[in-house]
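Each structure below appears as structure tokens.
Both of the next two complexes hold chain A, though its partner changes from chain B to chain C.
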Partner chain A sequence: MRALFFTLLLTMTWSPVTQAAETLYEIRVDGLACPYCAYGIEKKFMQRGIVKTFDMDFKKGLVKVTLKDGEEMTEPQLKQLFDEAGFSYRSVNKKAL
Partner chain B sequence: MRCLQWTPAFVFLTLTMGVSSVVDAVPITFNTALPVAEGEFIFRQQLRWLRSSDDPSEADRDMRVVATISVLGYGVNSKLAVFGVLPYGDKTLEMNRSGTEIERDNQGLADATVFARYTFWQDNIRGRTFRLAGIGGFTAPTGDDDKSDGFGRLPAPLQNGTGAWDWFGGAVVTYQTLGYQLDGQFSYRHNREANNFDAGDEARLDLSWQYRLWPRKLSGGVPGFFYGVLEANYLHQDKNQRGGQSDENSGGDTVWLSPGLQYVTRRWVLEAVVQKPIYQNLNGNALKNDQIVTTSFRMNF
Partner chain C sequence: MKRWLIRSAVTLGLLLVGVMLTVWMLWIPSAVEPPYRFIQAWGERGTNPGQFNDPTGIAVTADEVFVSDSRNGRIQVFDHEGRFKRQFGSPGDKPGQLGRPMNLSIHENMLYIADYWNDRIQVFGLDGKYHHSIGSSGDGPGQFNSPGGVALNRKGELFVADFYNQRIQHLNADGSFVEQWGTTAEIGIWAEEFNYPTDVALGNDEQLLVADGYNDRIQVFDSSGKFRRKWGGPLAMNIFGPFPGWFATVTSVAVGPDDNVFVADFYNNRVQKYDSQGRFLTAFGRRGNGPGQFAYITAVAVAPDGTLFATDLGNNRVVSFRSPRKPQ
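Right after this comes the complex of A and B.
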């Protein structure tokens, strides 16, 4: 019973820590103008195997990516990724979740 | 027997089988400069109906073509993309021969086209992109060019292939925003001689305007876009040469106006366009085009 209690306690305390390790990348990108553009970018991110969620906001020119726990991408990596997809990386705003 | 002339409509079909049908073009009737991301494939399948029955001669020719055009493109890098095009055609010609109606037809794989597109200049700003690219490639004589029927050897436009290696080059410009897109393309095609027949060289100018009809207002996410499309195509063809002699019943100028619709998602596109000739100044008795209807599906992977 005591072991179960500590297991539950550990799970409850560990879980928020795990979620806090996730980071939302809001990436400003120029050149996004149609839905067909989106797939090339999404594919580039997914190929890295570190992306948990992917979304875009055309109106704001934003690509929103949540990376898996403990993963991160640097600005040079982001610039290269968008260059390869045919778009222009401008800036990134990282938010801890 | 009167030969079917190699009319601009068939030239246009041949051209669009090769260059135009491709790829990530938002225009439906021609290829353009939207990006194929590095390492990405694009597949496009078109179904095209063409009819030419406006015959100024007594032969009263009526030519119908149904063609499927398969296109595969690959992004070598963010600037260079390569494409392969393989058409299949089903052609039927009805005509009056010495007072008797006859019908001739042919089916099969046509000449394959390979070309590359290189983006020379690109300017991206928020929600907009401007791209300028060069295209160049060749058409290989993969289709049969020596088929015959009970009336003898089929005329050149009824053959599946030309028998010649032809090359072409041009430039494509694209300006795309979230609300609309403008595209323009100029290309020149040099047709070479085969089987004692040399189709006239061709120059064409294509323009396309796509306007987002739905959704009217953008919010978040990646919604599908429904576009209204209006395109214009100009084609000039030199006269053909047969046995070294100029064919006075070939070549000329044609302008098509082409309204269409297009639904674009992030993975696939459905589109259709009707091309109606609004100006045809053809030489001699060259057969005039009625219309070209194209439906298309494409996806990237």
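Right after this comes the complex of A and C.
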């Protein structure tokens, strides 16, 4: 019985959901100071319905996005999103939170 | 060999000077009016009344100033001295809610708001009461992909800067399609083509002025829709710069009581003033957070008495100016 309990507990704590760590995407973009561009990028991210937090640093040309648990964006997906918003992004840096 | 080199260098130098002189004479006009005087500024970053989080649009009546407080998803109303009067709207996508309100326009006591995220023009009474909405998401006739600005003619017909669709739409008052300028979703730098248009305004003779954002120019169409002129840098075709008469991203255009044209020159942190034919008159504003300075100007509007109001994005404030030629 005790073995079953610990097995269940272990299964629960190691499930993919609890394991999924949030990822912060720091994306460098040129010309972010224009709100039309900034809001365009933000709109494209929001339309995907996977964004948890979104922040922009106009001065540094940096977009900071965390996605909902278990969600991920690949570099080609990010490139496409920025293309649609009228940008070419320079680089992305992923950080596990 | 040495002689040949010297001769080539001299020729090249003279050529360069010649080109610079030509550019200067043709495309760098001198001001014919003194710059406007700074009157006052109000606002700071925040969510309380009188505070802003990205002011991006502005419209004025004889006694009130309406400001798009974009990230706060609301419109704030002030008197001309910056005293807060009321606010309306909230963030969201339901009727009466706002998703990044941008440039504003007032017509017959109604406020028209370019609702950038929700792909619609929302119409409110000046008292803040929600009235109706025009348009939906898409690239079809009467649809929008991030409208940046709106203007109305005497008949109440709308002209909308449809930012990501790279076009200007002309709609009936009920939102039904009349015509468009530009090819949908195609960027172009020639006349009647657009590169992310941000705003529109109508002159006293109903000529349509388009802030052709990333083409760094103004394009003008007459009341029958025919292209008339364009201005902004050499040949007005996406050549940006800091000189008088040049732009570095145009985010707003407004027409004053004397039919003069005022342009928000975003990256140059200044307002440029032209006559209705596009002749450069004066410019004012520079980078900073002091009086009369901007950390990216986003929008301009002119009151009936000629006072100019502008939104200062980075400093989260509204700034007013007046011509030294006007009394008061």
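Here is the rule we use: the second predicted complex is superposed on the first by the 77 of 97 C-alpha atoms of A that agree within 3 Å, B and C clash if a C-alpha of one lies under 4 Å from a C-alpha of the other, contacts with A are read in each partner's own complex, and residues count from 1 in each chain.
The rule we apply is simple: a residue touches a chain if its C-beta (ideal position, glycine included) is under 8 Å from a C-beta of that chain, and two chains touch if they have at least 3 such contacts.
A quick note: this is a predicted structure, and the numbers were derived from the prediction, not measured.
When the shared chain is aligned, chain B and chain C each come close enough to touch A:G40. Taking chain B and chain C in turn and counting the residues of chain A each one touches, the greater count comes from B.
In the superposition on chain A, contact of A:S88 is made with chain B only, not with chain C. Applying the stated contact rule after C-alpha superposition, one finds that A:D55 touches chain B and leaves chain C untouched. With both structures placed on the common chain, the touch criterion links A:D30 to chain B but leaves chain C unconnected. Touching of chain A by both chain B and chain C, each in its own complex, is seen for residues 33-36, 39-40, 42-43, 58, 86.
Interface residues of chain C facing chain A in the complex, by the touch rule stated above, are 54, 56, 70, 99-100, 102, 116-117, 146, 148, 163-164, 196, 198, 213, 249, 251, 266-267, 296, 298, 313-314. In the complex of the two chains, the chain A residues touching chain B come out as 28, 30-44, 55-59, 61, 83-88.
Across the complex, chain A meets chain C through its residues 33-36, 39-40, 42-43, 46, 58, 86. Residue ranges of chain B in contact with chain A, taken from their complex: 24, 26, 34-40, 75, 77-78, 119, 122, 124-129, 176-178, 181, 218-225, 264-267, 269, 300.
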